[in-house]
Each structure stands twice: as C-alpha cells, then as structure tokens.
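Step one of this worksheet: look at the structure below.
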Amino acid sequence: MRTRPLAKLAAIGLVGALALTGCGSSDKKSDGGLSNSGGSKSSDSYTIAFQGPLSGDNQQLGINEVNGAQLAIDQANKSGDLGFKLKLLKADDIGDQSKAPAAAAQVLQDSTVVGVIGPAFSGPTKAVAKTYGDANMGLISPSATNPDLTSQGFTTFHRVVPADNIEGVQAADWLAKKAKKVFVIDDLSEYGKGAADVVRAQLKKDNIAVVSEGVDQKTDDYGPIATQVAQSGAQAMFYGGYDAQAGKLAKALKSANFTGIAMGGNGVKSSVFEKGAGAAGDGWYFSCGCLDAVTAPGAKDFTTAYKTAFNADPSTYSPEAYDATNAMIEAIKTAKKDGSVTRESVAKAITGLDYKGITTTIKFQANGELEEASQVINLFKQAGGKISVVGDIREQN
Amino acid sequence: MKRESELSVQLKRLGGCLALGFVLALMVGKHEGSQRDYGFAFRQAVFAPRIFVFLGIGVLIYLLIIFWPRVTPYLQRPGVRPLAAGALTVVAADALLRWTDSGQIEGGKLGAMSKAAADTGSLDFLTRAFFGSIVPGTPWILLAVVALLAAAAIVLDRGTLAWSAAALAVLVGLWGFYAQASVRSFLGAPDHSTGALASLLGYLTIACSAVVVARSDAEHADTRGFVDRLFSWRPGLPLVVLGFVTGLISLLVATWFSPSNAVDKVYDLGSRFAGSGVSALTTAYVSWLVYALFVACVAVAGAATYLRHKALGWVAIVLGTVSVILTLVVLHDFTAVAAAAGFDGASKPWKNLGVGGWLLCASFTMLAGAGWIAATHKRADDVVAADLVAGDSDHLATTSANFNKVLLFVVIAGALFYPPMATPFWQSVLVSQIGIYVLLAIGLNVVVGWAGLLDLGFIAFYAIGSYTTAYLVGALPVKPPEWLILPPLAAIPFAIVICLLAGVTLGAPTLRLRGDYLAIVTLGFGEIIRIAANNNPHGFTNGPRGAINIPHPSIDLGFFKFQWGLEALPYWYLLLVLICVIVLLFTRLENSRLGRSWAAIREDEVAAQATGINTTRVKLLAFAIGASTSGVAGVFFASQVGVISPDNFLLNNSILVVAYVVFGGMGSLPGAMAGAAVLTWLPEFLKDQVPAEDRQMWIGAVILLMMIFRPAGLIPAKRRKAELSGLEKPASAETTAVPAGEGM
Amino acid sequence: MQDFLNFLVLGLTRGSMYALIALGYTLVYGVLQLINFAHSEVFMSGAFGSYLVVNLVAGDTFLPWYGVIGVLLLGMVSGGIVGAIVAYGLERVAYRPLRRRGAPKLAFLISAIGMSFFLSQLAGKMFNRQKNNFFPEYFDANKRIIEVNGVHVTLLQVIIIGSALAMMLFLDQLVSQTKLGRSIRGVAEDAPTAALMGIDIDRTIARTFIIGGALGGAAGFLFGTAFGFFNTMGFIPGVKAFAAAVLGGIGNIRGAMLGGLLLGVVEALVPSAPWGTSQSWIGLQWTDVVAFVVLVLVLVFRPSGILGERLGRAA
C-alpha cells in the first residue's frame, strides 16, 4: 500500500523529466522565419540522410559511419564556400531488413532530403534499394559489400567499397604465395562469411590446403579457435570479420603461440584493431581496397578531426562514410551548378562523380560499383602498434 | 523483526528519491561515453549545473511523498483525474509530439515551430501571439494558467472559478489549434502531425474536468460510476457524438486532396474538378451528397440510439456502410482523374489524399457502429430485470460492456481508416513492426498466457515459417520440384503444417520439464534453429546472406486480382484479415474445452491430470497452435520484406515477444495485442525524443516501471485479475498486498 | 593427447567462469524460485567497476609479482563490491516491489529483463559501446606456468581457475556452515516457516542477492582480464551460465559448479574434436548447438538437472 503514491509520483517525475528533455532539445536556434512555397526548391538548406544501425547489436558500426558522415557535413558547413546549408538526418534501421522499410519511409517523406548515405548493411539494402530507386533517391553506401547488390537492377545504388569477392580473391592469391596450408576463419556474419568464403574458394583454386572454421562474432573466448589454429600446422590464417573481434583473436593467437602469418580483411583494418590487439597485432596483414591513411591527402586531418569531434578513434567504415558523404556533397554542388538541386539531379550527378577521397577515388560504373581502377586492393601491415601500407597486393611477394 | 525508526525510514526514502534523480540525470541528455576517457559522459551528465535540476526532481518527489497524505483528500475530489490526464496530455503534446511535418522546421516540435512562426511576419497576429511573438513560451504559460485555475477551483471549490477555467481551457485549446492550422495552410503542404490535435484534446479534457468541478457537489469522485452512467444512459450515443465530431472536423478543417502546394478542403474539390471528367457521382458528392449523407447518418444513428429503436438502428448500419462505400468510390474516382490529368504532383489513384476522406469514413463507421449497438441492444427493462435477479456484479458487467462496445467500434474505425491517414513511415512501422509482433504475441499468448508454458524460443517458429516460404517460392539455393513452386500466400497452409510439426517436435521431448527448465530448453531450441540457418548445412539456407528476392504476395481469384508491392499500406489490410481470422478462432478457443484445460494445467498440472485431462495432448496442442500462428507471421514477413536472413530471428526477439505478452497482460488476448502494439510503437516514437542509441534503455525503464506498478499488465486477463485480487473486489487489483514469498 | 589436454584446460577456464556466474543464478533461484535475468548485467557492472579501479591504480605499467597479486585482489574485491551494490539495487527496484504486490512469476522475469536492457544500455551510454575495452596489461597473461610435452597452462588460466575454485569453496562453506547460510537455506526450503522461526525474509533475500552479485562482479573482473569487456558482454555468458545452472540442477550450489565446468569443457572439447591438425568434425560454428543439445539430453534423462534441485537439500 505504501508504495502506491510513490508509484504515481515516480511516473509524474518521469513525465516531467521527459518534458524537460523536450524543452532542452527544442532550444536549438532555428533560422528565423518560414517560407510558404513548400518543398525544398527555394530554400537553401538540403538534407543528407544516413541509414544504418544506430541501435541494436550492430550499433557500433552504424555509429562509426554516422560520425564520419556528420564530420563531413560539419566541415562542409564550416568551410563557407558551399552556398547552401547541409543537415544530416539519421534513420536507424538496426541493421535489420524488417526495419529498413520504415527507415526508408522516414527518409523519403522528408522533402528536404536529396541523397542517402547508406544503407549500411546488405540486407537492408536489398529490402529498400528498389523503393529508393523508384523515388530517384541517390544512394552511396559506405559498407554494403554483398556482391549480389550491384546485379539486382537497383538504379540509384552505389558503393564506395569493393564487393567482398574482389578483395578476397586477391588476398587469397597473396596468401597462396606464402603458405601451403591456410586456416580460414569467419565470424558467421554476412560480411565476414562472404569474404572468407571467397578466400576459401580461391585458395582451393590455387591448390592450397584449407582448414575452415566459423566463430560467432558474439564470442568472447577465442582460446579454442586459436589453439586449433596453432595446432593445425597451418602457415597462415585469414580472418573474415570485424576489428573488435579480430583484436581478441590476435591476443588469443599470441597466447596460443601461433607463429604463422595472420591476415584480416577490410573490416579488420582499423584503429580499433590496433588498440584492441596491441602488441599481439604486430605482424598482422590486411587486405583493403583503400588508400593508406598516412599518405593519402587529408586522411591524417580526418583522423585528428574525428578524434576531436567525437572523442573516439575512427573505426571500421568511418573513413568510408566520410568519403561517401563528401562525394554526396560534391554531387549536390554539381547539381546546384547545373540548375536545381532535386533528388533526380543529385542522383544524376552521383553517376558522373569523380572525387578523390581519403580512402579511394570515387568514380562509379553504371552498375554502382567503383571504377576498376579505384578498386586497387592494397596490402597493409601492422608494426609497432601502427598499421601502414605495404603496396598493391598483386605486386607483393 | 526489528522496527526501523521513523528517521531512518525518511532518510532511506530521501536517499531513494535523490538516487532516482541522479539516475535520471545519467539517462537524460545527449552525452555519450568514450573509450578514450571513461569518465567523459559521467562528467557531462553530473558535473554540470543540470544535476541540480534532476536532484531537484528527486527532492520534489520526496516532498510529494511526505505531503501525500495531506494531498490525497483533494485528489479524491471530482475532476482531479481528468485534470491530471488533460494537463499531462497537453504537456506531452507540447513537448513530445510533432506539430508539423514540414522539413523547414527541424524536429517539427512545438519549440522549434514557435521560434520559426513567431518570426514570420506574414502570419496573422493571433497565430504569432500564440507562438510567442509577444511573450516567449506563451503555450507553456497558457497551460500553467489554465491548470492552476482549474486546480484552484478544485481546492477552493468555487463554481465561478471552475466555469472560467473551463471557458479559458476551451479558448486556449482552440487558439492553439487555430494557430497550428494557420501555419499549416501557410506552409501549404500536407501534414500528418498530431501535436495540435492532442493539445486540443488535452484542453478539452481540462475543460470537462472544470465543468465536473462546477457541477458536482460530491465529496469523492466516482469516475467509474460516472463512466458507467454515461455509457449506459443511451447505449451507443457517445459513439454518435464521437462520429459527429470526427465528421465535423473532416468536413470543415481537414484536407481532402493535396497535390503539391495545395490543400483542398472538401468544399474546394467542386471547383478544382469542375469539367475535368470526374463522374457524376463525384460531382454530386462533393457539392451536396456528402453533407446530406453525413446529416442523415448522424440523425438516424442519433435517433436510433436515443429512442433505442431497433429498426432505426438497422437503417443506420445500412446508411453508414453505404456512405463509407460511396466515399471510397469518390476518393478513388477523383484521385484517378487527377493522376490521369497530371495535376501537379498527382501521381496515382489513392495518392495525394489528405486525411479528410478517411476521417469521414471513420465517422461513418462509428455512426454505423452506433446503429449496430442500438439494433442489438437488449431493452432497458430487460437489463434492469436481469440486474434484479443477478445482483450488482452483473450490472457492472453490462455497463462496462456498453463501454467496451463503443471502444470496439472506435478500434474498428481506427484500424480501417487510421493507417491511410498516417505518414508512410508510420504505415511501414504498423505493418512491419506492430502488426507482425501483434500476430506473434497472439500466438505466444496461447503457450505462455493460456497454457502457462514459458517459451523463450518462440521466434524459431517464425523463422521456420519464413524459411518454408522462401523454399516454396524458390528463393533458396535448394529449389523445390518445379510443380511445387508456389506463390507466397499459398505457402500459408504449408507453413502452418510445418510449424505444427516443429511445435510437436519441440514439445514432445520437453513435456516432462516444467517452468524454468522448459524455458532454457526452448531458448536452446530457438538458438539451434538460428545457428543452423546461419551455418547453412548442405547449402540449404544460404547462410548469413539469407534468401533474397522472395516475391511479394498476390491474389488472383479470376474476377479479382491484386498484387502487393513495395508500399506498406496494402499489406496492412492483408495483415488485418489474418489477425482478425486468428483472433476470432482464438476467442472461440479460449473458452472451449481445450482452453479450459490449458487454464487447468497452468494452475495446477497434477490436479488437472487427476481430473482426467490428457496433459500431454493438451500441452502439445498449445505448442503446436502457438507455433502455427507464428508460422503465418513468418510467411507474411518473408513475402512482405522480400529478404530474410538468420539475423531476423535472434534470441533477443524471442525474449521481447515474451515481454510483450506479459507487458500486455498474460492470458488476455486484447492484452497481448496491446502489449505488442505499445512496445513496438514505443521505440519508433522515442526516435524523436531521445538519441536513437538510447531507445533500448528507455524501453527497459518503461518495462520495469510497468512491472513494478502494474504487474498484471496493461489489460489483465479476467481470470488472472480474479486470482490476484479475489473475486469480490474486482476494482482494486493493484493494491492487494501479499506477504513476501507467497506471490510466487 | 597433449592437444586434448590443451583444450581441456581451455574448457576448464571457460567453465569456471560459467560456474561463478551460475552461482548467482542458482542462489537467487534457491530463495525465490526465479530466474534472475538481470544477473548478466551485474556481471557486466562488476567488469566496468573493477576496470575503473584497476586502471586508476595499476595504469599501464608492468607490475612485479606481489603487485600483480595486489591488483588481482583489488580487482576482484572492487568488482565484487560493485556487483554486490548493483545486485542489491536490482533486488530493491526490480524484485521487492513486485513481491509486495504478489505479482505473477513471469512479471519478475519481465521486470528483470527490463532492468537488464536498462543497465546494459545505460552502461553503454555512460562508458562506450565499443566491443574492445581491455584491462591494462599489468602482467604477462601469456606466461606459461606449466609446460609438459606441449601441454601448457598460462598464468591467466591458473589465476582464473584458482580464484574461481577458491570463491566456490568459500561460498560452499558460507552456505553450509554460517548462520547466514542457514537462514538462506531456511528460506529456500520453506519461506513461510522460516519467517515463523524468526528469519527476516526480505533481509535474507537481499543478502542472497548481495552474495550472488559479489561473485558475479568478481567473475566480471576475471572475464574482463581474459577477454575484454563491453556493455553487452553479460548477455551470452549469462545465458550460458543460466544453462549451466539448469544443467547441474538449478537451486543447487554444487550443481551450478558442476554444470558450469561441464558446459565449459563440452564447449571447448566437442566442437574442436579430434583436436589434431585436420579439419574438426563438428566445427566451432556449432558450439552453441552442441552445448544446448547436451543440455537437452541431460534434461530428458534427468528432468531436474544432474544433481537435482533444492538449495536446502544438496548443499
């Protein structure tokens, strides 16, 4: 009986707090008056939407990307030579195709949105790319790597990362030069298994013995798999998965005394791996369809700016999202120069882009993939706790 | 047991309240933790002046608890509850809801809109004044004035004060509504925002409370009795009033048609479509027929309910139904003409509609519903006679039955005609979140709520249903034989059969297990199914990539063809049909022999067995029936989204469905549906309120609060309610204190 | 053979961690007959809490052996304290009000789930949502203590298994020998009668939560040292430990220990068989399936776990 009033009061307190947040968040200064012509045609403010997982199990990847996009937009707004203002709309799809249509609807119903960064994951992309295509909304995905995506007839889909298969084939060819027996591990995720399967197939084609295992990416204890790798007598190990888990694997491998070559893909090469694996990550190789963060122009500035803005290290796909957003801004600029900024004109401008970003040169083929020339796979290596480029993977021995 | 001293009790309480304030400070705000500095977010949240606001909230709550005994007498006065409800509604409307959908105003909430509108010179004075061109924060000041006036009227018990509060509340409510409407017509774009409407409703509730204060001389409020009297005076009449108000809004202020840059009311349509080739019916409809129909429906339904005339009731049903059909025909006709003629922005039939037409349809539906209540109502004398025989508790049952009937028709009208009014985003949420999970919750309710078997792997059946569909339509790497490839909807019976079998397969080895043992085994089963799908044995499931390109459903009956596509709305009606069929079947089931057997094994398995119930069979049936419902949901899901992968069937989803069922009220069908609807709606609503990353945290808090303060759920099952409170006191289910240890 | 033994050591390490967490489930189940679903978050809080303390004290420096022991004790104690506080708060907020209202059993489960969502996401908001937080490397975790014929046991493994065993023995003694233990057993056996005998039930339940929370928090520290920690780290070990508790017979302390060790060993051994150089027969991607299949098989033959239920009887 005694707790009943407490109950009601707590509820009231909560509502009050909610009201406070409402007030707090509504304090943002708006740009003065309204205009009554409707739509985005006359106003000089455009919105770029981001669609990706901001909550749920995969939220960290989405946060990495949305931060990259946010940074690009903030920098563009600050630079002062845009001639218009940019806003970012965050549409959370939880990385889940069943929630993607709602996120897409949220993006499409905002008439100021002229382009989308995303969808971040392949499943949601498959679910909504056609809807976006019907609305002439240009898409640039920083991370949807499923090879099937560009053969589905999605008219406005583009991506700034190479599909799993290209990266995997070249990584496998390189491994084939180094080892007679390769242990290939995937993290059972769509990206990781996709990449690892390509490596396995190519290694078998190169007549290399392959041992395969899959370890769920939610696993914390990589002891058994590391021991298995060490005992298998394989001279090399390839991991298809993401950076945080690869860091744990690296530690476990060291603990199990594995002395062969360890290698990861695009998803592993990040400062999160450097930090997570620490000294255990030294000697790891990475294949990545990206430029070197040290030598590429602007990349160093990006890392510094990112750290300042979000108090965190840029992680998997942050640079890609940054590039994709800058490319989108470039497309909006082009559209503006050629006339009016609409979804159609921006989508058209994307197809004609030629933008040099910090990870790659962004120039799209008709199907939405990057030009072959931009799809150079580089080999990276960690030494002394830092990842640096070795060179084009096809030219390495 | 030691007695604690009064001081230490008070200190503990204060500490608890301050802790609550502290936790709120951590929860509210945009701060986000960082790996480079673990104390970063904490410092932002706590080492800032804002902490005093939150601690202040804590102290305030503490003070309220202290002074609660002094406040309670006032709280029981008539008018307090509606005042609180109204004021909270207005607060929610002003702080949380969107006031406009226009992209020009970021977030679209009142605060942002006020700033923009107050600076816009071309709006009229009254509008700008409401949005704070004279005094910033006008809406909040107005609310405070109205609420304080009403509160003063309650405390001082002065009639004049009360009447003036009522008048002021109505005026302020209308003022806000008007201001928003004028901004809306200024912006000239279709709008689906609900803030202004909710605020108006809140103010009207406050006004009602003030009227109650002025009129009532009772010392204690008797809300329940009041509602009962209101709804049983002329059964169905409240529905007529609702229908009338809805219709008025539709005809006078709502937008009917809005290609780009235009918002046509129904009376504008005549001139817009003059000579553009619309049918004679449409011309007649927009010029006079619509008003005639509306007046006729209101008159007939009103007369039928007021006079309790059965024949008139049937007339109202027919009239209402015909009006709905006519309205739909007209809506289709003029949108089709507009699309063909290429009015700017008009794209397809059924497109570019405002809310007006649908609102009127809802109004007609409610009026027809009122007719139905009048037509099927037992004569009042009979009811009174029955009361005399059956005693007081039955009387209660009839009156709340009146209320439930009204509610039923409001729900029907809403389910049919709310979705087309909603934005595409909410349509999509309705279909792919709310609808699907309602279906799943209905299925799980059989297992958990009725049979009392805790199933933490329910999502596995959903997965099985989805993968069955994917296989049968040929979207998996392993194709079925050519003759078996089916369209998606035809997969339903197969999915049901396979899920039935899977349910029995899971059930059979686990029948001996009880309670938590069953929970972990079902959990394991769910994980096994997901992992198997992910690991792709024999290349059957395509692994984590899942099945892509599952075709959308279609119906071809020869005379009627329909192909579902990418748009969400048509799926809603398919889903509605599925849900209705299943709910009808299950309501029959609940009170059948089988349903009673489930209740028996839930309460006491040994006793149930002793009375001759075949517990094995009954349990297996519960698993199988629940599973098959889930299978139907799976078929729908697979063919709606078109892409499935093992990641859709995580353990977390299983746990969530259990949470939905218990949140709604275990064992109660409407409860399970309401629970699923509320908890799937909530995250989407929270998206506009808190950072997207924090939504789960708030949902966790809401679930926790709900279980603390209303452990039986939103809509407790009657049977459960009786267990909790004892049969003789149906109203006080929450307050019964059970000694520690006995509740389990 | 040495390969097999290596995997066995890995399994024992994993299993002793499961066992420590499982004790929390089983203790609460004993007194309340409820699954404390939020126990995984107690575990997570212990990891974060001990990290904050250890990072403050040890920093990024390599410590001498006595320093290592000191830090380990500090970590376990601080993790245990944080875990105990969170568990106590959990009992007060998510369980006691429901008990007072005589809520149905499932309501407790759901309030615990709500609490679990809330705590893990709040921790994410407060600290971060990355999945790679690591303790400072204050000792060489890979140092091999025992190495015979290719079978090796690292320092970290020794620490984990050793401290887990010590804590389990301590708990076993606590429950069977002390007055507090008697009251816990009393409440587990028959709460109303225990109340008549003068045992304060609310207080006993709160203390049970505190003990379970302390063990969970210390386990959080050990787990964090070995595998890193993050805001949703509790979920998977929580589910596994729950399975382990059921496997051994929920409500039974020795059962939880046995179940935890058994589950850990099965998970490490079975999917990696034949432990040699060739491709494994089952494959690590089936690890969880193997664990659950073993659980189901055991339960089919012994429906109330290996050692049977009841805290009162078996401990």
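A, B and C are the chain letters, set down in written order, and residue numbers restart from 1 in every chain.
Definition applied: contacts are C-beta pairs under 8 Å (C-beta built on N, C-alpha and C of every residue); 3 or more make two chains touch, one makes a residue touch a chain.
Since the model is a prediction, treat every value here as computed from it, not as a measurement.
Engineer: Could you tell me which chain's Cα centre is nearest to the average position of every protein Cα atom shown?
Structural biologist: B
Engineer: When B-C is set beside A-C, which has more C-beta pairs in contact?
Structural biologist: B-C is joined by more C-beta pairs in contact.
Engineer: Taking each chain's centre as its mean C-alpha position, how far apart are chain A and chain C in Å?
Structural biologist: Centre separation, chain A to chain C: 35 Å.
Engineer: Counting only Cα atoms for the centres, state how far chain B is from chain C in Å.
Structural biologist: Computed from C-alpha means, the inter-chain centre distance equals 40 Å.
Engineer: Please set out, as single numbers or ranges, the residues of chain C touching at least two other chains.
Structural biologist: Touching at least two other chains: 97, 100, 128-130, 283, 285, 288.
Engineer: At least two other chains touched by the same residue of chain B: list those residues.
Structural biologist: 34-35, 531, 534-535, 693-694, 696, 701, 705, 708-709, 734, 737
Engineer: I need the residues of chain A touching at least two other chains; which ones are they?
Structural biologist: 57, 59, 63, 188, 214, 216, 275, 312
Engineer: Under the stated contact criterion, what part of chain A meets chain B in this complex?
Structural biologist: 1, 4-7, 9-40, 43, 47, 54-57, 59, 63, 87, 90, 92, 95-102, 104-106, 108-113, 122-123, 126-127, 130-131, 134, 146, 148, 152, 188-190, 193-194, 214, 216, 275, 307, 310-313
Engineer: For the complex, which residues does chain B have touching chain C?
Structural biologist: Touch residues, chain B against chain C: 1-2, 23, 26-27, 31-35, 38, 41-42, 45, 448, 454, 509-510, 512-514, 516-517, 519-521, 523-525, 527-528, 531-532, 534-535, 651, 655, 658-659, 662-663, 666, 693-694, 696-697, 699-709, 711-713, 720, 724, 734, 736-744.
Engineer: With touch defined as at the start, can you tell me which chain A residues reach chain C in the complex?
Structural biologist: Going by the criterion above, the answer is residues 3, 57, 59-60, 63, 188, 211-216, 218-225, 227-228, 231-233, 243-245, 247-248, 254-255, 272, 275-276, 278, 312, 315.
Engineer: Can you name the residues of chain C that touch chain B in the complex?
Structural biologist: My answer: residues 29, 32-35, 51-52, 55, 93-94, 97-111, 113-119, 121-122, 124-130, 133, 187, 191-192, 195, 200-202, 205, 239, 242-243, 246, 250, 283, 285-286, 288-289, 291-293, 295-296, 299-300, 303-305.
Engineer: In the complex formed with chain A, which residues of chain C make contact?
Structural biologist: Per the touch definition, chain C meets chain A at residues 3, 6-7, 10-11, 13-14, 97, 100, 128-132, 134, 137, 141-142, 154, 156, 223, 226-228, 232-233, 235-237, 267-268, 271-272, 275-280, 283-285, 287-288.
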